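Pasting the structures in now, so scroll down.
In the two complexes below, chain A is the common chain; its partner is chain B in one and chain C in the other.
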Partner chain A sequence: MATDYNFDDVETVKINEETPQLCQILYDDEYKHTIGILLGLLQIREYSERALYLTEKALELLASHYTIWIYRYDILVHLNKDLFEELDWCEQVALENEKNYQIWNYRQLIITRILATTDESSKKKFDPHREFPILQSMLESDPKNHHVWSYRMWLVKKFNLFKDDRENEFVNKCISADLWNNSAWSHRFFLKFSQEKDIPEETFATEKVYVQDYIIESPQNPSTWNYLTGIYKKYNKSIVDLEDFCLKFVDIEKIDDPNYVKSSFAIELLAKIFVKQQKNEASIQLYDILGSKYDPIRSNYWDYEKKKLISH
Partner chain B sequence: MANKKDEERLSYMLGLLGRKRESQFRVDPKDQEQPGDDSEYEDIYTNHQKRDMIQRIANPEYAFNPVASLIEDHYVSATRNTQEDTEMDILEAYKENPKLHFDRDSHLNYIKRSLESKLPHYYKSLDANHPWMMYWLANSYSLISDEPLFSDIKELINDKITRCIVRDGLGGIAGGSNQIGHAASTYAGILALVSTENYELLDKIRPNLYKWYMSLKLPNGSFRMHVNGESDTRSTYCVLSVAALLNITSEELVEGTAEWLQTCQTYEGGFAGVPNTEAHGGYTYCALASYFLLYSHKKEFSKENSFDVDGLVRWAVMRQYGIEGGLSGRTNKLVDACYSFWIGALYPLLESITDQSDLFSREALGHYILRCSQSQKGGFRDKPGTSVDFYHTNYTLCGFSICESYFTLEDKEEKEDKEEKEGKEEKEDNPQKPLAFALKYKLVKGDISLTKVINPVYGIPFELAQACRSYFITKDHENAS
Partner chain C sequence: MSQLATFEVDKHEKFFNRFLLLLPSKLQSEDSNRLALIYFSLHGLGLLKRLNFSKEELIKYSQFIYNDFLIENEEFVAFRATSAFKQTPEYDFGNLSATLFALLNLLILESDYSSKLNNHKVMKFLSMLQVKEGEHKGSFVPTLREVNGKFEQYGESDLRLCYIAASIRHLMRYDSLSPSERINDIDTSALTEFVLNRINFSGGLSAISDVESHLGFTYCGIGCLRLLNYKFGPEFDDTISWLVHRQVDYPAELYNFDYEYHQEEDIGSFNGRDNKFGDTCYSWWCTGSLALIEPKNLSLVDLDRAKYYLLNTTQNQLLGGFSKDPDSNPDPYHSFLAIASLALWQQYEDIIIENGATTRHAESSSDPEPFKFDGIDEALVITKKSKEFFQHTIHY
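Moving on, here comes the complex of A and B:
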């Protein structure tokens, strides 16, 4: 890498060094020097190779410095740089700064620009699958990284990967590796149900079976119950259908004995089903036992649900 | 399947990550540790250990004691294991800290020390967060001190924020001097200036901020953080909250915003930052607080195109855990004291909508804050085993304040009817007064509290938010007449 750029002519700016100053950071010399020059270059809007080089150095020192990302993007555009190389470089930075989120917005900017500046026939056409390895490694390391999942959502939407085999296989694997990974379930919901027009009726049936099998495997998992009730709401189906399924996890006759209760979420859903069946008394009993026995931390909430029934 | 080149890249990348720490799970379930006889035994053993510990630390005088679930689910995974470990750490903390005390002097010392002493070089990680540091620390101080901020400290806060203001506000407020304006830095900077009651400076920049905000507005109704920046419920809240404080909200500014927010509510009931991602505590706070800035009548929550209040209530109350007492930010994630505010503030807002005084357990959250998050040396931490920091100290104190107060919404229609009969008109605020400024509070314990009451839409003392808006309302009235 070139290190022979000369910055002697640049007027460096102060980076919060004035004294007295609250929360004064004792910057190391390298940081103070690099950022001082870079922000100096930014002030005179210099879009040059040496400025580009310096943004890289600066981001190595502090990847969460959003100003540098904004500046770097402008430099790339002005110098008409190869944006695919930029994506490769970005991956390194992402891997070294797992918690950083500026980079994922930056990556969206770069890809959006690639799409705007290349056409269908171009050799440099962007293939969204090139993103899969980096996303996979990031999510293997932190399976609930919110920013990475959000970026994945953006990618799927942008390139219509809803029915992509690799995408669907990936989310299946994430779920089977950890049924309690709610980020994976959220992404699945997005893949299956977010396209307003094109959701076939059979998806409801297959997803219902899919999630019910996993509820049976781990009945006290909130992620799967949320998914199940989520699809009922999405399709406007009556939850009364789920009565028998819920009764697999709770024996109403012996509800006082924890040996006969496998899921508090089944009790909650039964309480809602009973309301639909105009069995308010039965519903109130279930809310009572949630509050007193199976979910006491939320006793105020169960009381509130009860109160709604009494006042109506 | 992935091609060879992809596989090479993947293994190279995993190698890079592996240098730093072990991968938490393999996507291929074959590689994952299967629950065999040993872990089955371990599971029973820890459960026994846990119950034993819970019994030993229980104090009959307390309104909250950790409770283990009576329902057993023996499924084992990475999520279950980290949750299990965290519960044990937290029970350990409850055992070590049996008393409920609030160490105000240590916290005040921690805050002063943090403001005034020089921070070691690794604090450069906060170099794009200077206004945030001012807000977190000044606000923490305001919440627990009987004295106002010292005038020299106030002056230095003003100096620092002034150096971050870009072109008198036309470019917003930046994360540090000579950086680019950012809507979240602007939010933090403005709250810091509200803490120092520097209305003169606020007045000077507010017309320019309005122009800057209009330049960040997107056709879908949301706002960007900065030029070419992300737009989500967070950036949107940052804009709306400042606009209401400075009385620069206009119809044009908020056109389409409520409709856009509604698309961010997920199937779980909480809100995501953008449509179709996972419901999350921070983004949900920003969304609900935004509604309190956009709506001026309670009945607007029952409009057909508003969000699903019941769904949000359910998601919000599910964030509290029975052993920890504290709050988590997402389904199946761990508790973290910062959610004492991001999730904690949802409760009083939802309580004010539903006319229910207690939707969650204030006692349980109070125990988590005082016994697990509080450090005896001053400051608050995420959870036992982590270190205190400015961010957690501020949001934990905000959360603690929520445990000490109840909020209701004044019934505007009723009030207007009454005033009409009495021949009065509301003069103190404009007719589109946002609900954020129609909140009323009372203390849980009658007349005592350890912290000042906050405005849950802002996370600053209630009176400070009110004073700032009133100042600009009056000023704009005078200018108009």
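Moving on, here comes the complex of A and C:
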């Protein structure tokens, strides 16, 4: 191990490799050596610079074991380390290994401690915007990384960034870069609608226009249709209002001809609208064409929806 | 759709047996998921009806699970994630998912754990992990840490952990004890409420509040409710619709494959979120969820297509096992969930045919006698044989 730290005095713990075992792992020497020293340090509860260094090496090998994260955190607290440096370290680790999911929860723990140990008079204060560059690079390399988006939501909630300009600009950019990115649409819904019970009518109107423009641009996109029906649900508005909008994408007279159908989601929503208007026959006709032509893999489901109408 | 490929049972058996024997060093980063890897391999073999341990082997391997993973202290009983940490008692905390996988492994190894594990102490561990207040109230965290001689919760709560906790509670038979006997019970009504509040506008469930709907977490939410004996009603209609929409199809009338996430070879598979790639494991998370709400819901998706995707696209004809997608190598997780899916669809075949239009039930013609799996319990995701062992042998 290339290191400035010396561990010669640490009693290395041997990992049990004796049979009988199931799924026995053929650990390599680096693993046995590093984890062996780590276990030795844990046994004597050593909180030191070299132990901090070793946790980094151990986490490179076994990121999924919570105890190592807990130990690292305990070392930081004992040594009274600069937690902003720890945040920088987290960024390096995240960028080097995108699949390291534990890092985001650990980062929350560090930030929570920074908040608990700093106040208005502190020289360094935590600014949630410091998180934006790292989140941006993570989402650039994987725009649908569920852990990173979840962390972003935690940040928004923790620091009340729902109406933050930079946050809203960010989500706009994500959507315009890829209007099929369902994670970005979910995040937008979260920003706009998750907090208040009574959302201003104006937000409803602007969001409706916003998403409808994107549906017009690309009509066969489940993310945008879900967003549109999602806001109707949230506001308790009647989807019957959307009949004319749906008809932009479907010519019912010529529905057998694919040249006159741009979206199966429009047909699906129209079928629901017709039910509300008690035009069950018209609705059944739409379920038939979904099953036979525009969404055949779900033909049994469309039959099931149809049967619900017939039995009523 | 061309002819269905043969289900390579002998190769799958060898695949799981290779994993049970030895894992190469590149898998050492999975050391803390070892109990899960054992579970995939043992129950995978069990579903194939090819787990042939002798009595001595069953005892030997059960002993290995107890010796290497069990933690018992004055307060609680749990299992650890990584066996090496048993040598550092100061930093050896139980882990919620390791505890479930250990129990599921003990069931298939036919070990009567009720004689070894105090159910109240296991439930004490669960109670210590349940979030008591705030927006995640009712949910669970994965592990504990020690602060000034006291245990504190560590880690992020989500629906996966809720499902795991409900499973463990069932395996401790707390759901069949009277309230006065349940001395360390968790708050099941807060848990139920937490899960129900995770249903999104789309009908799917999300890990924590307002996050994007995700099929893995949706299964966990539904599984958790089922294990708490929740009765599913019309409030799950949107969820059923969302689940059914997870099956991937790109009809030529509407798609031209100009989006990188839309792949023709994914047709018939299931995706975990809208506009994502199909993936073998979601065959289970989708159809398992549908079956948990009600088995006849399985007729709502196209299982012929789904079967084709598994057998012809992600089954590895050479090495055995199933991969995540056609470009990956087979692994125990995807192999187990592919086999679990096939077993589930076979188990409910009569109900599916009765309720659906699946008259064109394709079987491979080169395989006139379709392979018969063991049955599967869709809530605990274990073999029928293990479920029966639980019912007959585990008494508290």
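Just so it is clear, the second predicted complex is superposed on the first by the 290 of 312 C-alpha atoms of A that agree within 3 Å, B and C clash if a C-alpha of one lies under 4 Å from a C-alpha of the other, contacts with A are read in each partner's own complex, and residues count from 1 in each chain.
Note that in this section contacts are C-beta pairs under 8 Å (C-beta built on N, C-alpha and C of every residue); 3 or more make two chains touch, one makes a residue touch a chain.
None of the values given here were measured: they were computed from a predicted structure.
S.K.: With everything superposed onto chain A, say whether chain B and chain C fit together or clash.
M.R.: clash
S.K.: Contacts for A:K173 in the overlay, against chain B (first) and chain C (second): which applies, first, second, both or neither?
M.R.: In the superposed model, A:K173 contacts chain B only, not chain C.
S.K.: Counting only touches as set out at the top, which of chain B and chain C does A:N280 meet: first, second, both, neither?
M.R.: neither
S.K.: Touch test for A:Q136: chain B only (first), chain C only (second), both, or neither?
M.R.: first
S.K.: State whether chain B or chain C is in contact with more residues of chain A in the superposed arrangement.
M.R.: B
S.K.: If you stack the two complexes on chain A, which partner ends up touching A:W149: first (chain B), second (chain C), both, or neither?
M.R.: Touch partners of A:W149: chain B and chain C.
S.K.: Answer with first, second, both or neither: which of chain B and chain C does A:R45 touch in the superposed model?
M.R.: second
S.K.: Look at A:Y294 in the shared chain and tell me whether it touches chain B only, chain C only, both, or neither; answer first, second, both or neither.
M.R.: Both partners, chain B and chain C.
S.K.: Would you sort A:E217 into first (chain B), second (chain C), both or neither based on which partner it touches?
M.R.: A:E217 contacts chain B only, not chain C.
S.K.: Figure out whether A:L95 sits in contact with chain B (first) or chain C (second), or with both, or with neither.
M.R.: The first partner, chain B, only.
S.K.: Taking the two structures together, which residues of chain A meet both chain B and chain C?
M.R.: Shared contact residues on chain A (touching chain B in one complex, chain C in the other): 13, 15-16, 20-28, 31, 35, 39, 42-43, 61-62, 64-67, 70-71, 73, 105, 144, 146, 149-150, 153, 180-183, 186-187, 189-190, 194, 220-223, 226, 230, 233-234, 258, 261-264, 293-301, 304.
S.K.: Note which residues of chain A are touching chain B in the complex, please.
M.R.: Touch residues, chain A against chain B: 13-16, 18, 20-28, 31, 35, 39, 42-43, 61-62, 64-67, 70-71, 73, 91-92, 95-96, 98, 105, 109, 129, 132-134, 136-137, 139-144, 146, 149-150, 153, 157, 166, 170, 173-174, 176-183, 186-187, 189-190, 193-194, 217-223, 226-227, 230-231, 233-234, 258, 261-264, 293-301, 304, 307.
S.K.: Within their complex, state which residues of chain A touch chain C.
M.R.: 13, 15-16, 20-28, 31, 35, 39, 42-43, 45, 61-67, 70-71, 73-74, 105, 108, 144, 146, 149-150, 153, 180-183, 186-187, 189-190, 194, 220-223, 226, 229-230, 233-234, 258, 261-264, 293-301, 303-304
S.K.: Spell out the residues on chain B that touch chain A in their complex, using ranges where they run on.
M.R.: Result: residues 1-2, 6-7, 9-10, 13-14, 16-17, 20-21, 23-29, 32, 67, 69-73, 75, 77-80, 114-116, 118-121, 123-128, 130, 133-134, 137, 153, 156-157, 159-160, 163, 174-180, 182, 226-230, 266-268, 272-280, 313-314, 317-318, 320-322, 325, 330-333, 354, 356, 358-361, 364 of chain B touch chain A.
S.K.: Could you please specify the touching residues of chain C with respect to chain A in the complex?
M.R.: Interface residues on the chain C side: 19-25, 27-34, 37-38, 41-42, 60-61, 64, 68, 81-85, 87-88, 90-93, 95, 105, 142-143, 145, 154-156, 200-202, 207-214, 241, 244-245, 247-249, 251, 253-255, 259, 261, 267-268, 273-276, 299-302, 305, 356-358.
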